[in-house]
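The chains carry the letters A, B, C and D, assigned in the order they are written, with residues numbered from 1 in each.
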Amino acid sequence: MKKIRIREQYCMGCRLCEIYCAVQHSKSKDLVKAYRGEYPKPVPRILVEEKEYLSFAIQCRHCEDAPCISACMTGAMRRDPESGAVLCDEEKCVGCWMCIMVCPFGVIGRGREKKIISKCDLCLGEEEPACVKNCPNEALVLEEE
Amino acid sequence: MVKSSPPSGFLIDRDDERCIRCQACVRMCSNDVHAYDPEEDIIVSDSSKCVGCHFCEAICPTSALTVRHNPSQYRENFNWASEVINDIKTQAGSGGVILTGMGCDKPYPIYWDHIVLNASQVTNPSIDPLREPMELETFIGRKPDKIEIENFAEPKLATEISPQLELKTPIMFSAMSYGSISYNASLALARAASEFGTFWNTGEGGLHKDFYRYGPHTVVQVASGRFGVTREYLNVGGAIEIKIGQGAKPGIGGHLPGEKVTGPISETRMIPEGTDALSPAPHHDIYSIEDLRQLIYALKEATRYEKPVGVKIAAVHNVAPIASGIVRAGADFVAIDGIRGGTGAAPKVIRDNVGIPIEMAIAVVDSRLREEGIRNQASIIAAGGFKKSSDVIKAIALGADAVYIATAALVAMGCTICQKCYTGKCNWGIATQDPYLTKRLNPEIATRRLKNLLKAWSLEIKEMMGGMGINAIESLRGNREQLRGVGLNEVELKMLGIKPAGEAW
Amino acid sequence: MIDESGERFSGAQAIKAIACMQERENGLGGGFAGYGIYPRFKDHNVFHLLYDDEKAKESTEQYLEENYSIEKDGPIPTRKQTGVRNPPILWRYFLGIKKGAHDEASQEDFVVKTVMKINGEIDGAFVISSGKNMGIFKGVGFSGEIGKFFKLEDYKGYAWTAHGRFPTNTVGWWGGSHPFGLLDWSVIHNGEISSYGINKRYLENFGYHCTLFTDTEVITYLFDLLARKQGFGFDVIGRILAAPFWDEIDRLPENQREICKALRMTYGSALVNGPFATIIGRTGAIVGINDRIKLRPLVAARKDSVLYLSSEESGIRRVCESPDKVWMPEAGEPVVGQLEGAHG
Amino acid sequence: MVKYLIVGNSAAAVGAVESIRQVDKDGRIVIVSNEPHPLYSRPLITYLLAGQIDESKMSYGDPMFYRRYNVEEVLGKEVVAIHPQDKNVVLSDGTTLPYQKLLLATGGRPIFPPVEGKDLAGVFTFTTLDDAKKVGEFIERNRVGSAVVVGGGLIGLKTAEALIARGIKVIIVELTDRVLSATFDRRASEIVEMALQGRGCELMTKNTVSRVIGKERVEKVVLQDGTEVNCQLVIFAIGVTPNTELAKRAGIDVRKGILVGDHMRTNLPDIYAAGDVVEAYDMVMSTNRQIAIWPNAYVQGNIAGFNMAGKAEKYDGSFAMNSVEICDVPTISIGLTDPQEKGYEVLERYDEAQKAYKKIVLKDDVIVGAIFVNKIDRAGVFTGLIKNRVNVRLFKDALLRDDFGLVWLPEKFRKHMVVGEGIEV
């Protein structure tokens, strides 16, 4: 499957991935409108970690052996048979946060609006995930694995 | 008195309607220009710290930022221009030499822009480079006076050919030391040169072990500081260049401040970490042309006569006889760096006032070597402010074998020529060793862009050549009939060895 | 055309062939070179001269007398032609080299120097040919008329070249017509050389001064340099003047590749770039060659011992109805015709 | 011919089905469940009771889940006997089902203490969909205004929360001195207690129900200390005990739960067990014990399924952990959270204003437990550190930071996680 590869040596910590991710998952999908007009403010599903000059953006790794799928008591977290992505069925999610508890990458978050989780969906349907497309330094790349 | 320091040259306009407070500008500016005020939820920009590198502008996702010239100026005065006043203020504060980076930015005539090219009309067909072969292959090195072929059963080359650098395009990357530029920037130059089939140049900073694999496409420099010069270094490169001078600072040596001498740089240069790397103004073993000859042959001996050994000089008044002497001293190529050549750090007064334009230098050196019948004994590489493919092709028609580009390569990697290289705070990750900044230059992207630049210029050169009905670069080299001067006086035309526009063959 | 058996034939053949391609010229220049036409003076350098006036003639003759023994001289025979107007003074000299009159090592170099001197320094005088047992006849007019003007039907040679001109770069004048000659070289050329600027500067290194601003002159000197002075055969000269492309060179066998690469590197400035089809004559041989991408036409044919080279097949068929073989030479491939037993 | 027979129909069964089908696309799978309902997500019953979801949303995943995997469900029937020699089981209706591989995923059942009045209408346990439906109907029919929940553990609190959500006044009676005493420390318990109290819930600790009083229906309860509490509903949620009887009868080794090895195999050939019914390896405690949580049951079932289908997979063990949100207070507890013995190091941080609590328990520089209250983001990173026994000595100071993450990990481990550079961890 196509996965996002993180190249920490090129991450400059601008956090534009977070911005573009949030906007991609906003109502308007417009940078200015999403940030200046929408409430609640859009939440990114990618996170930039930083320590001194080391930084990287991390989002769901879409693990082969995904603990979040095992831990999901409602069956909301599932693997998309076509893309291989780990996706959450928001209709099924009740916000028990078991997936947050077991994800060793810490890349599943709580949604702001509803009690459902918020995680990377690889922007399926788009040509490329927003974070990959907009990373100015190609620190994130979409690659077949 | 009120301390009077020069105002910033720039103003930052922030379109508040578009600013989404993402703070990318805040995080990215190495000069701490932008700051977020959480209480007011606004980003304030302190223009006085801005160097005008435009990185924030490039990174702003909503194009909310515009960096523009500060319109606040002193009373208009052609004589006492703002720059003059500001320099005085700066020096009155510091008591020191004003440092700067990149090449001379003073409005000396740019002769390239006064030279026009020829094209075929009717009497000979122009050639479409997309359909017909168009050859840019260039060889740098000593050529024999004549070729001898033994004709027994099989014809066989009887003349020994001196070592040559083979270039796919007559464009090389000029010397930029690892130290003055970052590891990633060096890597990109090395990779792009190797992949495209041309050469990059180590500058005077030695060659990082990681780059040995690019050795066959590397010109290794031997400068007055002799940083990183070892037998291994000399032998790993494709050619050796003795650096006598640099266009941006003829007559003076290099200075890499200790802060830039980080671990790997100290290792590469073979000097202690954190110490200033100072190259003397002259080579202390070269006080005359015969000393240069000794060094040339010492280097040839050290590399078993397997590599071309060249000499780089700044273009100065006496450039033609100097070049002739260098060729006669045994150099396989002469690199000439004109007044607009760049630098990582130079005293402004020298950068802007010493040396001559490269156009003149090429013309007089080529003519001089031809007059002396020794033009074939060495190649001429021209450097210093080549900004576009037309500059390159004009240089070749004037008589250069190839050109060195450096500033243009940096611009391809993001540089906006803010001239602050010497501060080590390059936001584009080029002229810096700060790990926060160096990682901003992804060498993969930079390599791609450098190769694109070489490809684009080469294509344009081919287009122009095709227009002239020439399909091999050697038919253009020194072919000044393809050039005409526009707006040049007789002396300039004579110096350049070209006819005025309107004059036929 | 050349008869490799050495059989001499009349200049009328050449006139007939070139005249049929009159469509290709504009009346501003035509000319001929004949080889083997002065068998009685085969050891003399025959100088064909153009003079604008008597003064030029006097200066030239003074110089010639000082340096040569003039065996014989006189006007070149002509007849009136309506299309040939205002001919200059046309004079020919059969010259022997005066012993001790020159310090050049080679007689030929001395002749070259003489030609350079007259053409470069004496106003109104121009040497159109200077070889042995050969002569160039040229002028302003259609080639057919020029041929008749010079009464070429009265000459017999084993080789003839002919040219009809449509000048573009230089105005039509008698000296500028083809063939262009130096020593026994004659060059007729259809083309426009974009590398002129560098070819010229390259030749200057070797003492050749191009005064005519014509490609023909450049090609003549290049041949003189490469063949006479550096001793290359026509095949090597072909690989210099119309060098193969690098990707062709890359496909050659090792020794060939080495040679071609060395030639290109060393003689890059002698590469003749731009469209041309050229026929070069010298004692005992003619060579036809095209530019490296064959931008101008060149057809070759053979009939028995005669080799024909022409821009158009029609010119050949006009004088040889059924050749044994007609072919299109490849770009850059020299086609050589030479007297039996002679060496290129 | 039944190739795979699974007794029980929850997390372990689901895990097993998924792994069996990865290996064996066609082998017949039959699941026998004593419940009449097709596969549903048992933890959702409190959400159903609360009215947060309706019954149509109770299924695990989408309703086509088993259909896609080609699994047959035998519902409402109990397995009453296993004949290991004959490799078959006998169902409550007398039918016999042969198997090639058998998985016991019988789970646990609620402990119902022998309290006087426990058979009155309005006294319930709360573990199944039927329980949820019955309680829901009872509440509707009897317009229940107040309820007593016995037990301040996870199920008790989730049930209490559901009742509160339905507008019922709830009194929680807990035998120990605080709620969630098994998985939380005192501070964490207090934060949750405050949240419950904030919703009008009453807490009665160090106490339990000794009698339930009423005519036909519950009217009040009498506590251990004699206090009487009026209520119309009593729910016992004091724990679950594994359903091991069937296994015992068949001769399978059982201690508290069924004993299994690395491959989830019992002592009898071709019989596997997984889920709440087993005792499996606890990595933190370094002992076999019962850890009745969904992720464990699923993973164990998954491992069992692989082995049943012929692909050898090992169970690495697990440890206790839970994520539960009570009255909008999200909490996560992992591993050993409140060690009483010596030799442990505790790092904690409490933000009074946000009621955010973070606690890390270490032994010999390795994290063995953690609690997160209110700020639970990225808790899984700690689960990972516990699981991989990462030595944290060099970045211990950073563990309590809000922005603690993978960036702090040792370079090799970080690169393995982030960049995917391969080191075995």
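Structural remarks
Quick note on the criterion: a residue touches a chain if its C-beta (ideal position, glycine included) is under 8 Å from a C-beta of that chain, and two chains touch if they have at least 3 such contacts.
Small disclaimer: the values here were computed from a predicted structure and weren't measured.
The chain with its Cα centre farthest from the Cα centre of subunit A is C. Two chain pairs, A-B and A-D, are weighed by contacting C-beta pairs, with A-D ahead.
Here the spacing of subunit A and subunit B, counted between their Cα centres, is 43 Å.
For this pair, subunit A with subunit C, the centres built from the Cα atoms lie 79 Å apart.
Work out the mean CA point of subunit C and of subunit D, and you get 104 Å between them. Our note on geometry: subunit A versus subunit D, Cα centroid distance of 28 Å, whole angstroms. In subunit D, there is no position where the chain touches two or more neighbouring chains simultaneously. Among the residues of subunit A, those touching two or more other chains are numbered 7.
Viewed as a network of touching protein chains, the structure reduces to a simple linear path. Per the contact rule defined earlier, chains pair up in contact as A-B, A-D, B-C. Of all the residues in subunit B, the ones that touch subunit A in their complex are 17-18, 20-24, 27-28, 58-59, 61-62, 429, 434-436, 439-440, 442, 444-445. Contacts from subunit C toward subunit B in the complex involve residues 168-170, 191-198, 200-202, 204-205, 213, 230, 232, 236, 243, 245-247, 255-256, 258-259, 262-269, 271-275, 292-293, 295. Interface residues of subunit A, counted against subunit D in their complex, comprise 5-8, 47, 49-51, 54-56, 58, 67, 70-71, 73-76, 78, 89, 91-92, 94-106, 108-110, 115. Of all residues in subunit D, only 11, 14-15, 41-44, 47, 52-53, 57, 59-62, 65, 294-295, 298-299, 302, 321-325, 330, 332, 334, 376-381, 383-384, 387-388, 403, 405-408, 415, 417-420 touch subunit A in the complex they form. Note for the complex: subunit A touches subunit B at residues 7, 9-16, 19-20, 31-32, 34-36, 52-53, 134, 136-139.
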